[in-house]
Amino acid sequence: MPSPIIHIDNIIKTYGPLTVLDGLSMSVMPGEKLALIGPSGSGKTTILRILMTLEKINGGHIEIDGEQLYHMQKAGGLVAADERHLQKMREKIGMVFQHFNLFPHKCVRDNITLAPMLTKGIARAAAEARAMELLDMVGMADKAKSMPAQLSGGQKQRVAIARALALSPKIMLFDEVTSALDPELVEEVLNVMRKLAAETDMTMLLVTHEMGFAHDFADRILFFDKGRIVEEGKPDDIFRNPRQERTQTFLRKVIAAGHRV
Amino acid sequence: MPSPIIHIDNIIKTYGPLTVLDGLSMSVMPGEKLALIGPSGSGKTTILRILMTLEKINGGHIEIDGEQLYHMQKAGGLVAADERHLQKMREKIGMVFQHFNLFPHKCVRDNITLAPMLTKGIARAAAEARAMELLDMVGMADKAKSMPAQLSGGQKQRVAIARALALSPKIMLFDEVTSALDPELVEEVLNVMRKLAAETDMTMLLVTHEMGFAHDFADRILFFDKGRIVEEGKPDDIFRNPRQERTQTFLRKVIAAGHRV
Amino acid sequence: DEAKLETLKAQGFARIAIANEPPFTAVGADGKVSGAAPDVAREIFKRLGVDDVVASISEYGAMIPGLQAGRHDAVTAGLFMKPERCAAVAYSEPVLCDAEAMLVKKGNPKGFKSYADVANDQSATIGAPGGGTEEKLALEAGVPRDRVIVVPDGQSGLKMLQDGRIDAYSLPVLSINDLVKKANDPNLEVIAPVQGAPVYCDGAAFKKGDEALRDAFDVELAKLKESGEFAKIIEPYGFSAAAAMSTSREKLCAASN
Amino acid sequence: MEWDWAFVWEIMPTLLEGLKITILATILGAIVAAFVGLVLAIARRSPNRLISRPVGFIADFIRGTPLLVQLYFIFYVLPDIGIRLSPLVAGVIGLGIHYGTYTAEVYRAGIDNVPRGQWEAARATNLSMRQAWIHVVLPQAIPPMIPALANYFIAMFKETPLLSAITVLELMNQAKSVANSSYRYIEPITMVGVFFLVISLISVIALRFLEERFTRADER
Amino acid sequence: MIDWSGYLGLILQGALVTVELTVMGSALALVMAFAAGLGRLSRFAVIRMLATVYIEFFRGTSIFVQLFWAYFVLPFAGITLTPLQAGVLALGLNVGAYGAEVVRGAVRAIGREQHEACVALNLGRYHRMRHVILPQALPLMLPTFGNNAIELLKGTAVVSLISLTDMTFQAQVVRAQTGSTLIPFATILVLYFAMATAISAGVRWLERRAARGLDGVRV
């Protein structure tokens, strides 16, 4: 059996007096597609942000692809990671945000080529060729020269996905990538992600409130509540036969609110 | 047969090149409860704002309670109304806005007493007693000393209704008073309005996208499109058997979007 | 030290501070600086082998600090010799002499003849350049600080007198005369000289420590006086060469009034 | 030249005398500026272009030219047309008008920031124009303006040394006068700097407090 | 007869000095604004503190004091500046302190999301600033920078007090030589206003150029 690409060991995350994650542990295998679901405030976003090194942890260890994320070997002991170490680790991870976070002053193509050219020293021509490939994949090749402000939400999100892919990370994190979109634009983004899941063997972690999509997309579902994993399993098991009371209540509420499962 | 309390005769309203109302005429009988429905941009808000003298008209006449609204008799002829005339006419009309427009620097009670004390010279004690009655009616008596910022949307809107009622207008205008509210707060406001409709013989004009509420509330429905009244009639007739093609399309769309009729 | 003159020769010019006060100084419409003080300085520096002078206009009050801070090589501005100034800078022999005058409204309504008269009139105000001799004299005569108005320049003083903001404006005689000539205002009267105020002479002022340069300057100044050229330079501006030649630095710096 | 503490103590009373005038000029100037700004802001909002345009131009002109020159103008040129102001009054008026053009912008922004819905609610409750201004608009517009106004108050304080050019015996002028008669610039000028720094730092702290106090109250 | 055209020439010479001071002062102010503004956002406490002290000191003391210091006190520390250098130094450092707050505010106005997108794309600190944050912050700074430049232009009048022959000073000289107050002062008022107008026009042009890339809309 291969070893996990992400190994989270007993991490603790607090915001002032609030403990958001209290000794969370989990592992993800290479190529696995994971969906994180659960009520608002349960810590789903937090765990993705920690993996992306956007937040600091207050305790515990995370291993990515066999290396410590927040720690490094030095003088025999394990010390807190410095910026250089973090920067090296970030190469393995990409993230797509709820609000796209495109660079508004750069055209679609330059949004995608900026990081590869600056961080990997890829030549402009090569970076642009790769950008066009990716834009083609997300169905946005004709908008390469448009400015972000000229795009719809769904189009922006597809560009954001292409931008994250351009660095060829081993792990992709998606945080509610459709929840800021008008309903009629959700589908185009989900289609891109379905294609992506089918075509690559990237490891993917997805936070979503779209239960139907989580079901189709994921190999495994984690149900979060109050910073802990309450239940996990295959999509069919979780959605059809949730064992935990809290999972049942949550799914019942979501269904009542009209979300399809 | 009594004469109409509102008589709109051939009014024209333009914004620059755009003609919003093009020769609109309609009458409202005293005590009538009227609902204005129709697609976005059809001029529903505009007609309420004109009645409240928040907009100027470009042509036509409006008679309120037997007096010209935008004109006055002077030296034998009909001349444009001056501010004094408008102010006198406004005593007959009250309006509740989509975004409440409470005065943020005054507590709930003072929001209600301000205008009666200033415009009608009512003594503070009397104004406050009346305010408490009204707050009681809208179920907000316990929040009399709260600041608007401390209230939920539904609570704010109930205060706004009480504020408009405090001047005892003959005519009340309601412009989408629930559309800025979270879904779970809509009902509390509608309840207040139902009670109001049942208990008073005030004339009421209501613009709404809540078809179910329009149906229950109104004696008569006006269906607007492109600045004209396309169809009017009793709620049952309009909702069950719309005669006009445009009304049918509109209702079909609204129902598809999940609004209950 | 000796090196100072050599430095000036090498750079080809000396920096002098002048005042914005005709006829001690004048600036032509072409921007060229002339006037009695700079003209003498220019001539002497030329004879010393320093081709030119670069003049910068300065407030009276800023001249000595500017000299001490090394901003100027000399001050030639009608900065009259007084014992405490002699202690602060190294003066050359006298160059321009003038008595003090007061400008008042026609008919001298308050009857001023001396600074003491101003002091005695409780409501009187007198204008004078900040840091100048007149300010000092007025204060010494007992005019309280708040009745000695520090006026930035001659035109301002004239204007303030005309506008009735001050009752008298005090400057050296020739400066006042120049002002009055330009103003051409029949409602003004010049009181000159002010009683009890001594006749003052200025000299070129050098930084303490530059005595060698000062001495060289003195040698050329003496020659200039001797040859009569001195009179040719300053008399057209209204100054008396005889007055400057009849006294000496030693006398002026020792004077105890 | 060495720093001389004895001399500092000797000149301290004179400097404090000047500081008094400086503070007086600042406070009076602020009052004039607050008033002039309000007038300008209202005139600029006038629907009559014959009022709003020229007022706008004059305000821009005053804002685009140095206060120092304006002070000379007020002090030395106005008497030619019969307006003779004492130095302090001329200075206060100069400061007040100059900074009035700034405060006018603050007023304008403050008034524009009151949502249109508030005007309409005032209308719908049948308040007159005057009542709407006094009871609805100004109470909402003024608190958020206060930090910005205070900022200009501090800026004005720091420009009072300009008044020395028109013979006002404020702090800087006293310092120069001391320097003139003693030929020592270091101590008086440095002390003036210290005074300004201390007062400015105090005002900055006060300003932080004002900002917190008045931006928090601005929730709606 | 007074040679007015000659004296106008004098004032124009002064105008040249004023322009020179404004341009050089603005250049220094710009450099200081970025150095101190970004310094205040530094992750090193020492740099943050230095930047804060600079900003508070120069905003706290009056420009006059700074000017007199640069001109009369610095020489005792062995630094003798020409009046022009002293003027540029005082004005540039003074206005730079105000500009620093503008830089800081504009950089902070670029939302956290943009920083996070950069982290997710693994851009280092320098790249983040240089390619993402500053290009977006710059258009936000421009209008205030324009105002600051006009403040600086007006501030140059103050240098006349240290005998720098700028426009205001030349007007004083012309006044002393001709006895007329109105004409020289009215002339320079108009000239100052023309210069201020030119600055605002220039800044508006820059703003339009900067906004073009963003298509007038932010995301």
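We call the chains A, B, C, D and E, going by the order they appear; numbering starts again at 1 in every chain.
As a working rule, a residue touches a chain if its C-beta (ideal position, glycine included) is under 8 Å from a C-beta of that chain, and two chains touch if they have at least 3 such contacts.
Which chain is which protein? Per UniProt: A, B = Ectoine/hydroxyectoine ABC transporter ATP-binding protein EhuA; D = Ectoine/hydroxyectoine ABC transporter permease subunit EhuD; E = Ectoine/hydroxyectoine ABC transporter permease subunit EhuC.
Everything numeric in this text was worked out from a predicted model, so none of it was measured.
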>> Please report the minimal path length, in steps, between subunit B and subunit E on the chain touch graph.
In response: 2
>> I need the common contact partners of subunit A and subunit C, sorted by label.
In response: E
> What pair of chains has the most C-beta pairs in contact?
Replying inline: D-E
> Hey, which chain ends up farthest from subunit A, C-alpha centres compared?
Replying inline: C
> Between 0 and 180 degrees, and as a multiple of 5, what angle does the rotation take that fits subunit A onto subunit B by Cα atoms?
Replying inline: 175
> Any idea how many Å lie between the Cα centroids of subunit C and subunit E?
Replying inline: 38
> Which whole number of Å gives the spacing of the CA centres of subunit C and subunit D?
Replying inline: 39
>> Could you work out how far the Cα centre of subunit B sits from that of subunit D, in whole Å?
In response: 47
> Using the touch rule from the top of the page, what residues of subunit B touch 2 or more other chains?
Replying inline: none
>> Where in subunit E do residues touch at least two different other chains?
In response: 72, 76, 181
> What parts of subunit D, by residue number, touch at least two of the other chains?
Replying inline: 1, 76, 165, 185
> Which of the chains are touching one another, listed as pairs?
Replying inline: A-E, B-D, C-D, C-E, D-E
>> Applying the document's contact rule, which stretches of subunit E touch subunit C when the two form their complex?
In response: 2-3, 5-7, 9-10, 13, 71-72, 75-76, 80, 83, 162-163, 165, 169, 172-173, 175-179, 181
>> Quick check on the complex: what are the subunit E residues that touch subunit D?
In response: 56-57, 59-66, 68-69, 72-73, 76, 150, 153-158, 160-161, 168, 171, 181-182, 185-186, 188-189, 192-193, 195-197
> Can you name the residues of subunit E that touch subunit A in the complex?
Replying inline: 113-114, 116-117, 119-125, 127, 131-132, 135-136, 213-219
>> Could you list, by residue number, the parts of subunit C that touch subunit E in their complex?
In response: 20-22, 26-31, 56-59, 62, 65-66, 69-71, 152-155, 158-159, 179, 182-183
> Can you list the subunit A residues touching subunit E in their complex?
Replying inline: 52-54, 83, 87, 90-91, 93-95, 97, 99-105, 114-115, 118-119, 147-150, 156, 163-164, 167
